[in-house]
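In structure tokens below, several structures.
Both complexes below contain chain A, partnered by chain B and then by chain C.
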Partner chain A sequence: MPLTIDSSRSGDRAVIRLEGTIDASSAERVRQAVDAALADHPAWLELDVEQVVFMSSAGLRVVIFAKQKEPDVKIAFRKPQPPILETLKKTGFFSAVYVIGDEE
Partner chain B sequence: MMEARIDVYATHEFGGYRFRHGKVLPFGATLVDGGVNFSVFSSAATSCALVLFEKGSGEPLVELDVPPEFRIGDVYSIMVFDLEIEDLEYGFRFDGPFEPHRGPRFDRNRIVADPYARAMGGRDTWRSEPDWSNGDAYVHRSRVVLDDFDWEGDRPLELRTTDLIVYELHVRGFTADPSSGVSAPGTYAGLREKIPYLKALGINCVELLPIFEFDEWENSRSHPATGEWLGNYWGYSTLGFFAPKAGYAATGSLAMDVDELKTLIKELHANGIEIILDVVFNHTAEGDHRGPTISFRGIDNATYYMLTPEGWYYNFSGCGNTFNCNNPVVRGLVVDCLRYWASEYHIDGFRFDLASILGRDPHGAPLANPPLLESLAYDPILSKCKLIAEAWDAGGLYQVGSFPAYGRWAEWNGKFRDNVRRFLKGEPGVIGDMAARVQGSPDLYADRGPGTSINFITAHDGFTLADLFAYNEKHNDANGEDNRDGSNDNDSWNCGTEGSTDDPGILALRLRLTKNAIAMLMFSQGIPMLVMGDEFGRTQNGNNNGYCHDSELSWVNWALAEKNAELLNFTRGCVALRQAVPMLRSPHFPNALGGDDRDADIDFVGTSGTGQDWAGWNTVLAYRLTERGREEGVPGDEMMVMFNMHWGDQYFGLQPPAGGGGWHVLVNTAMPAGGDVFRRLDAPAVEGPSFLAGPRSVVVLIAGFGS
Partner chain C sequence: MPTFAGTLDSLEPIRAYVGAAAANAGLDSSKVYDLCMAVDEIATNIVTHGYEESGGSGSIDVEAAPESGSVVVRLFDSSPEYDPDERVVSDEELATELADRPIGGLGIFLVRKSVDEFRYARLDGRNVHTFRVKLP
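Take a look at the complex of A and B:
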């Protein structure tokens, strides 16, 4: 499943909406989108992953990349699918990011 | 700022892959600007090719012959550009002579793994059945690893050696059982969920059974009678010294095993718990001449293995081959490996399996000054790491007390185990030895101190503590070897009947002996080591060699924590007392000349309170520990420790504490729950000038502070 990326900005929040599969071949595009979003110095970087069906280690590494590049930016996953949430937990990234649902 | 560096351009191209002469160091696969650098040693090969795969694909992406001009000395290095490293697997194909009688065993038809592979494929989901039909295929494929983990300021803890309380555990067995209640049973992530339990227990160091990549399917078989799967559960058979066991990671199939393990280590450190790895450098998984060619054998057989003059494999490990650790090249690999784990994974120390082998020369003779052991002792990167030797091997070398230590190496103290076991059963003839064991074994380690002595009564290998007092004989039928395997010398005692029973008298005696064992561990000088589950009575049903069982037999049954809460509470109490009494953790032996204020002096006072009876038949030992004092006017701790291993009651005469305040009871294993262990602040006072200790009991008293 190809990956579509849609970046936007609302207030202090940079939002990157992702849809499809994030794997080794598509992760570089996500990284570029994250890089571009961080260049505007947002307080929050929100990755809307509700429509992401699979995320490989390459995708998770984009999060590490973002956190290392801008340690002060808060990183949030919006509505991750259960398998992605599980991977976040098992690898320990869960404690480094925020997970948000419908309410926010 | 430089726009483009000119030293990383391709000079060659083949099959669409651009490459150039690589850097010879470091060995292995390393990320460089725009590519990956590969470097590998072989002194006897005539050619080398780098074989690249896409993960999961049977056919290689490309096979790049390393041009002759890329070899410097015996090292082939090649830098390849524009690789998708997340999905990359690689290996090498070497050509060279097959002349076993002279050493080399090259096989041009095989692809072999990188000795420096930072990660390995093939076994990334625990016990996922391999495809046996593809016979000789290259299975244990080398992978490239990213070093971008966010440690958030973590580094090894560097706890004082004598402050350690070690807990030996098997990553899978610790949480594999559903009773563990963790979300990812049997994994690094599962272990991470149990950190609060470890913290509450009070231990501050976990020693993990091997977590270097191994093949749980090695020599796997079905039990002839039960059909049960038997394999290599313990993991003492290394495939890759630099690669973590991927099957222990819940995320292994996502190739996130490195991150999951590092996350575990970071969180253990955040909770004040060190990590020691049990490392196996004495042999590899390639076995003898009948074994598979996975890596070393097909790269430089005569360098990596000890060979007889006829080219057969020496077998000092009992596992088919012997890693040639005092060859300078192999020694370099071992040092590189440990440096890698200490620096990249923040590992706090290493326990070396059958370490005496590391002190043998390439022909097997023990060396007086083994270069490898010396290198490790003085290594600048490992200088704060704990180095612990299992100071014997399967070739007959037994070096407890005489291991070449350079003032640096600690040892699993096998004599502590043997003496304490016999003492616990009430055997005569061991109180002289016990007097040394409780002091940290100055008879063995006079020039090194009590931090040398890893005191243990049980280990993964042998009976569990509960089984030590429930079985006279080993019961290894479940191993499918007709009960021939496993040690016959266990110094165990079943307390009256073999195995499980509901006889309340026998159960009470077993519990008391178990408490005695825990108390002896925690109140002796040196470093105590517990085995997972012993604190709440884990049993292997009398099996003293659980290496092949991945089942309830070898896993921790967490329901026992509730069932045997009395023992668990007692253990927690003793661990807490060890932490609360500094002189028990002194880096100097009792009565040491010089030393520090918080060192202890020891007097063996016996039952009279004035002198120990050292007669051979005596099974009662009592001593007094006196802390040398703290600052002016503040008295040091004083303790009375009484071991009555006799089957009758025993009166012990008490001399009053020098600092006043009277004696208070910390531990009395003759008492039931509630009276068996106290916190210092709650310790009840002793009335009168003597103490009546129950049959087969341990009593520990402490002087109150001026009250």
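Take a look at the complex of A and C:
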């Protein structure tokens, strides 16, 4: 499934909506979107991954890239599917990012 | 045994092939996902570290079938020999701040967490990666 990327800004929050699969063939496009979203120093970087069906470590490396570029930005994953949540937990990313569920 | 080009464009079809074989063999969807993740990580390494970094090109043969109570996947490629454990992220590193994390090694870490058994061998001038997940 090809990856579609939709970036927007809402107050102090940069939102990147992703749909499809994030693997090594598509992660560079996500990195570019993150790079652009961080250019004006948002307080939050929200990755809306509700429609992401697969994410490899290439997606995790984009998160590390974001933290290295903008150490103070808070990174949130919105509505990750169970296997993606599991990947965040297995790798310790779960404690380093915010996970937003249905309640917000 | 299907052959895929040793390029990143093959990741999706390799996952689709392995996923279908694993589901047919009776793995549940969460284990199918984990197996596809492990295979994807290694296929990515074969393409980016194996073929692209060595300036070469080649293909990846993929075998996926039930075998004595497990689903077994094997990837065969002709990129240079290497040590898959050369750079594995440690639990200590996983506990550090994200910005301090090493960029490498996460893939192999995930592979080892995602299947029951993972092995690497060099056989007849080819790399052979074997993944095994027990059937319920």
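Quick note on the criterion: the second predicted complex is superposed on the first by the 104 of 104 C-alpha atoms of A that agree within 3 Å, B and C clash if a C-alpha of one lies under 4 Å from a C-alpha of the other, contacts with A are read in each partner's own complex, and residues count from 1 in each chain.
Here is the rule we go by: a contact is a pair of C-beta atoms (placed from the backbone, for glycine too) under 8 Å apart; a residue touches a chain by one contact, two chains touch by 3 or more.
This structure is a prediction, so every number in the text was calculated from the model and none was measured.
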Check your understanding: A:I64 contacts which: chain B (first), chain C (second), both, neither?
Key -> both
Review point. If you stack the two complexes on chain A, which partner ends up touching A:T21: first (chain B), second (chain C), both, or neither?
Key: second
Study note, to complete from the structure: Between chain B and chain C, the one with more contact residues on chain A is chain C
Exercise for review: Pick one for A:K89: touches chain B only (first), chain C only (second), both, or neither.
Suggested key: first
Check your understanding: For A:M1, is the partner it touches chain B (first), chain C (second), both, or none of the two (neither)?
Key -> second
Practice item. Figure out whether A:Q32 sits in contact with chain B (first) or chain C (second), or with both, or with neither. Key: neither
Check your understanding: Which residues of chain A are in contact with chain B in one complex and with chain C in the other?
Key -> 23-25, 56-58, 60-61, 64, 67-68, 86-87, 90-93, 96
Revision key, fill the gap. Residue positions on chain C within touch of chain A in the complex are 8-9, 11-12, 15, 30, 33-34, 36-37, 40-41, 44, 47-48, 94-95, 97-99, 101, 103, 106-107, 109-110, 113-114
Point to revise | Interfacial residue positions of chain A with respect to chain C in the complex | key: 1, 21, 23-25, 54, 56-58, 60-61, 63-64, 67-68, 71, 75, 82-83, 86-87, 90-93, 96-97
Practice item. Using the touch definition up top, name the residues of chain A that touch chain B in the complex. Key: 23-25, 27, 56-58, 60-61, 64-65, 67-68, 86-87, 89-93, 96
Check your understanding: Hey, which residues of chain B end up touching chain A in the complex?
Key -> 84, 86-87, 146, 148-150, 183-184, 187, 189, 192, 249-251, 254-256, 259-260, 263-264, 266-267
